[in-house]
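Consider the two complexes below, in which chain A is the common component and chain B and chain C are the respective partners.
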Partner chain A sequence: MEMLKHPVSGCITIIVATLVLLAGTPAQAERFELGATSAEADAVVGCLYPMTGRSATYGRDSIAGIKIALDDLAQEAKAGLPAPKLRVIADDPRSKASYAVRLAQDFIANDKAQFFCGIVSSGVAHAVSDLAQREKIIMVGTDHASSRLSIEAGHKYYFRVTNDSWTSMAAGARYLRDLQKQTGWRKLAFIGPDYDYGHVSWTDLQLALSDLGVAYETVGSLWPKLYEPDYSIYINALQSAKPDIVVTALWGGDFIAFIKQAATTRFFETTRLANFDTGANYDVMTALGDQPYPGLILSARHHNNWPDTGRNKRFVTQFHEMTGRFPTYAAEGAYTGIIAIARAIEKAGGANDDAALIKALEGLQLALPEDPPGFASYIDPDTHQIVQAQAVGTVVHNEDFPPSKLMVGNWAIYDAEDLKPSKEMVKRRRDAVAGGSEAVPPPTP
Partner chain B sequence: MSAFHWSRNQRLSLVARYTLLSVGVVVCALIALSFLYQRFSNELIDRLTGERLSAQVAATSNKLSAFLDARIYQLVTLSNHPALPAFIDAPNTPQAEEALTLLRVEADSPDLYGVLFFDRQDNLDRLVAGQAASGPPYWSKTDWDISGLPRVTHEGVEFIGPKLPEHGNSGWLLMRQQIRDSGLGQNVSVALHMRLSSLTELLASAGVAGVIEPLLRTPGGVVLDPTGRPAEVTGELVEGPSILPGWNIVMSVHPGTILQPIDETRLWLYATAILIIAVILAIFFALSRSLRRRVDTLVQGANSIASGDLYYRLPEGRRRDEISTVAKAFNTMAWQLKDLIDRTVRAEKLAVLGQFATGVAHEVRNPLATMKTTVQALSRREQDEERITLLDDMGSQIDRLSRVVNDLLSYGRPGEAAPQATAIRELFRQTSILLEPVADEAHVRFFTSGDSRLNVYVDPEQILQILLNLGINAVQACNAGGTVSLRAEDHGDTVEIRVTDDGCGIAREHLLDVTQPFFTMKSKGTGLGLTISQQLVDANHGTINIESAPQEGTTIILTFPASGPGIGQEEITKNVQADQNTDRRR
Partner chain C sequence: MTSLLAVLIDGSIYASWLFLVAAGLTVIYGVMRILNMAHGSFYAIGAYSAASLVGWYFNNGIGPAWISYLLLVGAALVAGLIVGVIVERGLLRLMYGRDEILMVIITYALLLILEDTMKIVWGVSPYFAYQPYTELGRTAFGLLKVSNYDLALVGVSAVLGLGLWAWLERTNQGKVLRAVIHDREIAVAMGVNVRLMFTITFVLGTTLGALAGALTAPAISVVPGIGIEVIVLAFAVVVIGGLGSIGGAAVGALLVGLSRAAAVHYAPEFELFVIYGVMSLVLAFRPEGLFGRTMARKI
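Now for the complex of A and B:
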């Protein structure tokens, strides 16, 4: 409402913050303050994104995505729509749960944050989700994907507005089922980062394949640590296992490093490599150069070249005009997070009633850049997980998004409702941990 | 028996020796190469499994020990932290918060899943999950049981595990120590929940891809690979240093991985060598058989010559190899041998006949002379025409006998040749003078032709006699209207003189006999003309050849050494002009 009264000052704040960001001299080394001032903001959102290391791209693009969302909200306010004024603070947890919890506590104590958003790593997200539950702060997660966060460890304050590992693996399982009819593949191996996201992705894939009745043989599951600098022993182990298909949950710089190392061996001559959750990210496309390695099967939570809708084109163009580069999927995730919070505030009529906000978020429909024509994403009231369609494909030459010379094409599209976890499966997974050591002993705060 | 005989011959043959030498060289090279291969292989194994490997294993052991030392230090720091007892007993105090902050930071170590606390009964009391936490005990107590895991103690720290990866969960290891007793009587231990792979990944640097795989043997007897999974041990295990009680590095050595291609190459080498030897032997048998066949032909030829068949000639073939050269030399030898024998026989025959003829001539010539004188005296005194005619006939017959006697004497005592540079033109001129009347009388056309500038190095008198003999024979062979010619041609070092007629020719069967003494096809011949001519030709270092066909004519080819220019150019030119005029006249 404040925004309606002072739309210009909100825009100025955004512009100033943008200039500060682009100048590369933020007031604090890893902290960004975007949107309205604390005095005029309808709500404060504390976001955690990595700004350093292999996943720094995710943080940078998320910040840009947040800015686009704030711009859109400002435009709406300017047009007389009831868009709330948000103050967004972003900081870098350095992929550490301890950092993240401390920063989130400071968001509450110092910045009076009413929402948490972001967090790329599921391991970090778990800790922050636990904090959110304890502190009764609504957490709108983006880009961490462990389905465990919304199924086994889900709670009423936790929401996620980007595809989770279940959605991606359900799409991947369908792709593999169809591929098996063509190629007759039998041997499957999995390699994922040794933390929550990797293990849950493998579990999700196995469950999804089992649900579809796909017969296969698991010849290995490997768990290099996050940000592993050298994958040679794992590539050797995979080659020794002789799988037909390797599914990986390595993401970001880890996935790129793995591909580059595998390309120095005969890995791609005998094995197809599939990454259904993050593999089609734009930074991967750029890193592939101009020669697609044979057999790659990729998808991601958002694609610059799919769907071919005005909404998606507009988002990609906005991002490009703002930053001079094309977005990774993190940008659309962060954008979605801010838009979801804004829409919840609008729907709840304010940001002070948690129960109303939660009710507003449950079942909230969002028309997003990644939605194919005729479909709008929505948040499942039970799992608090957004329900979205997913497209899986292979690498093709496409120079529409330079400097990348490759993009994913040959799409196989899977409807959102098909990818949603069944109520039976959700119940089964939740029952399996009920009364378990999650309760006794409880995770220490 | 024949096969044995044959093979024995082969063994003794030159081809067999060369073949054995070739095979021997190949075999020696093979043995030497095999020896070098073996030595190379052994050296390779020594290098891979020897000193260098030991150094690598020692370095890797140090890495693992240093990693564990760092974790031990981390654990000891935690277990002795003054705020930790408060974390256990007074959760909401500032000291507890301080400890929690520390625990969270430590739990976020990339090599840990979290920090766990146990009571004295080994029950999990509480935990601090790190960024990498997943599976039990963080998600569920299912599958969480440490009672059956191996335990060893090192530097006051209890190592529990390893817990092997299973059901999609990673393997782990607990490092546990009692927290410092602050006087409150806590009996709680703190443990680092460590990634098993963080320890085994350090093994990777010690290996040689595909040949030596570094592994970690754990107290339970399970051997782990660098990814932290139980390894299927297939090769020889070489024990390495211990990093903890019951934990030691072992190297799985698969020399076959690197030696297999070498051994395969060696087998191929042997196979190739055997093939080469087989090819050499096959070539040997083929060559030997061919050589033997051709040598047999040589031997057969030699035997034929030895048995008197001087006309036996070997097939020389188109090849220009050693055997063909020998065959050619053999044939040349046969020709020369026959020629020598012919000459010797003829010489001996002539010598015998000459002695005989000379003896007879001596005995006959004087009585003939007396008879001639007597007949001439009687004829002069005789008035009776009939008697005169008879006496003249007798005189003619005595003359004829005298000629025969003279021929016999010429034959039996051939004069020594006195060769000198002699102009062909002069020879032809004198021959023409003497022969033309004879030809005219027989109505035979006679002419000379060719290069009259030529000179020959001969006794002119003897050559003149030859030409007259041959010319008269030619005229006599012709019918009226026939033609006889003399022609000289330059052949470099020799000059060829052809005496040609178009008369009755000589039958093929008589060609070899016409030079024999007393062989004649004429009713009034002595059969010595050609024989004497042959003698004179030989005496002048010439050759005589006869080409003839019945009813077509005969050409006798005389070859004499050419003489250097001994006659002035002007005279030659003049003589040539005169010859041309003579030819035109005829």
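Now for the complex of A and C:
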């Protein structure tokens, strides 16, 4: 009634209310239903990917990756191969563990899902992995990378088909070892997001360097919160510590922001910056513009320009034709997840026997776009973590994947077998948890 | 020694940024008794407006770099004025006289609405507008090279603080405003147009918030959620200083800024703890904040 006495205020209120109503619609998360109908599907897969917020690009690319996998399976079926018909449902967990668990429960109750897949955040993946164990549902993880999920918190229903933080840091440690021989670097600093993935990445790097016997001095470890908009204070702290190399586990927009802000200082004149897990992702390459900052050492879980194989070129081309843009690594991760589930169903002779499916996934070989010639990725039967080669390199001009003007080149390739965690290390980490301590015995560099 | 100097410089820069954000919040509370949760959104709107305008300016190669500083301030003033008037006239005016807690809930709802609206308008990808930051170059303090833009931010913050103080203490309008702060009912009885004063105060507060966002935009990546992060820190600052006190906000910002810088340099694991540890300590000994005044409740 008060509003009616003030026509101007009333009009403004109505405008604001209309804007709010308009705003509400597209902000809602979108549920995707892909592949076979529920009547004809051999199995139902419930996937969780971010469709909104800062990681939405990874969700969109994952959906495209799933579509490519389903197309490939449909082609195989047409050719008379025993490819299963999959129904894939994808929803947005909004980076919240509790919400993700509720969605996953709905996948089981309402959609009769037999598999979970996806999840970008390691924290959210932990919660869903626990649910998978309780509900005896196989979870095929993609793109969350904390090695804790497959080592300390691993269980028989959990599998991961993209590089974890151990794989990336093991490759990074080898790169740093080789670089030390050339440059004699000694001082190392680390900056990572202040949650599970960041801390596990730092532990993994220290353990991997220790395993290789690399001598170094840690001059700092910094923990900005996830999605920190202003890194200036951390950049100043790093410069004060005078490291020869800074290794970071910042990812996505955070890593881009860090680079952009560091570039306004003398950071790149005095220090190398390495990101071995996510740094070479396509969105980072695009955001660098035409500035190949000196001292950047990067890798990622999939590269559009490596390996130079027909399989990789075909995947990147298919993605580009489907979406009009080039993929981030999330696309190949989601593609791998669906292909892995399909191959397990083929091998197990159906999707109804959990024990047979788990047996089929353990040791399963997958020829993937990111596999170099002569190698096929496989799932380690002990950790349930995929075993893959990794390429690390530096930034070079390359305009083959526009709008990016830079890509990673000068590759150093590390064999998959070398990047597997040793059985002794896996046992030590699992024993540390079983013995009531989360702390892994400190490395001795 | 370099480290101590770095703490002092980083702390001062961070404190000046905190003060810019907290000033608008504390002015609005001091006059209107509204704990404005949506203040973080005004900061974010200022940052997005400035980053968009400056980005557009440089992407189109329109003119000299110094104009970009005018665009930063201009974007903040326009965004602050428009949003401030719409929110005050269209929403808060309908709610005056309600309980303070209800106003907190209303402004919190507004924060959520504005956060989603910003996602619709600007999307979810980061915005970068680094040119004004890099154009000013750097100054050496021994081994430390400090951005001149950051140093300028300290100056702007100091000028703004003094300006606010002078306006409140040395102008007729400031005196009227202080009369409203002191006793709203008597001010009305003496013929003061309190509603107009509320509009002026709220628009001033939103413009200060937007200005803080616009001036910060060249130094950060402008992303969804920055407003929510900022409002938590701004509350810590004004609670330490005392709600409604400009001087208190300045001291609170300095305390938080220096403590955080020291933590990042000497004990990074305690960075977040330190900020709220300082707040807890102050509240334990002075619940009304360092410069807050205990007020008798009118019945």
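One rule holds in what follows: the second predicted complex is superposed on the first by the 406 of 445 C-alpha atoms of A that agree within 3 Å, B and C clash if a C-alpha of one lies under 4 Å from a C-alpha of the other, contacts with A are read in each partner's own complex, and residues count from 1 in each chain.
We take it that contacts are C-beta pairs under 8 Å (C-beta built on N, C-alpha and C of every residue); 3 or more make two chains touch, one makes a residue touch a chain.
Source: prediction; values computed, not measured.
Participant: With the two complexes superposed on chain A, say which partner A:His397 touches: chain B (first), chain C (second), both, or neither.
Facilitator: Neither partner.
Participant: Classify the contacts of A:Val101 with the two partner chains as first (chain B alone), second (chain C alone), both, or neither.
Facilitator: A:Val101 sits against chain B, while chain C stays out of touch.
Participant: Counting only touches as set out at the top, which of chain B and chain C does A:His126 meet: first, second, both, neither?
Facilitator: first
Participant: Can A:Ile256 be said to touch chain B (first), chain C (second), both, or neither?
Facilitator: It touches chain C, and chain B stays clear.
Participant: Could you look at A:Lys136 and tell me whether it touches chain B, chain C, both or neither (first, second, both, neither)?
Facilitator: neither
Participant: Have a look at where A:Lys225 lands relative to chain B and chain C in the superposition and call it first, second, both or neither.
Facilitator: In the superposition, A:Lys225 contacts both chain B and chain C.
Participant: Taking the superposition on A as described, I'd like to know which of chain B and chain C A:Lys423 touches: first, second, both or neither.
Facilitator: Neither partner.
Participant: Contact-wise, after the overlay, does A:Ala237 reach chain B, chain C, both or neither (first, second, both, neither)?
Facilitator: both
Participant: Taking the stated contact definition, name every residue in chain A that is touched by chain B in one complex and by chain C in the other, in rising order.
Facilitator: 194, 220-223, 225, 227, 230, 232-234, 236-237
Participant: Which of the residues in chain A end up touching chain B in this complex?
Facilitator: These residues of chain A touch chain B: 95-99, 101-102, 121, 123-124, 126-127, 148, 152-153, 194-196, 198-200, 202-203, 206, 220-227, 230, 232-234, 236-237, 432-433, 436-438, 440-445.
Participant: Quick one: which bits of chain C touch chain A in the complex? Just the residue numbers, please.
Facilitator: That would be residues 2-3, 6, 9-10, 13-14, 86, 89-91, 93-94, 113, 116-117, 119-120, 124-126, 128, 130, 133-134, 138, 144-145, 147, 150, 216, 219-226, 229, 260-261, 264-265, 268-269, 271-272 of chain C.
Participant: Could you pull out which chain B residues touch chain A in their complex?
Facilitator: These residues of chain B touch chain A: 100-101, 103-105, 107-108, 110-111, 124-142, 144, 165, 168-170, 195, 197-198, 201, 204, 209, 225-229.
Participant: Can you tell me which positions in chain A touch chain C when the two form their complex?
Facilitator: Within the complex, chain A contacts chain C at residues 2-3, 6, 8-9, 12-13, 15-16, 19-20, 22-24, 26-27, 52-54, 56-57, 194, 220-223, 225, 227, 229-230, 232-234, 236-237, 239-240, 253, 256-257, 260-261, 263-266, 287.
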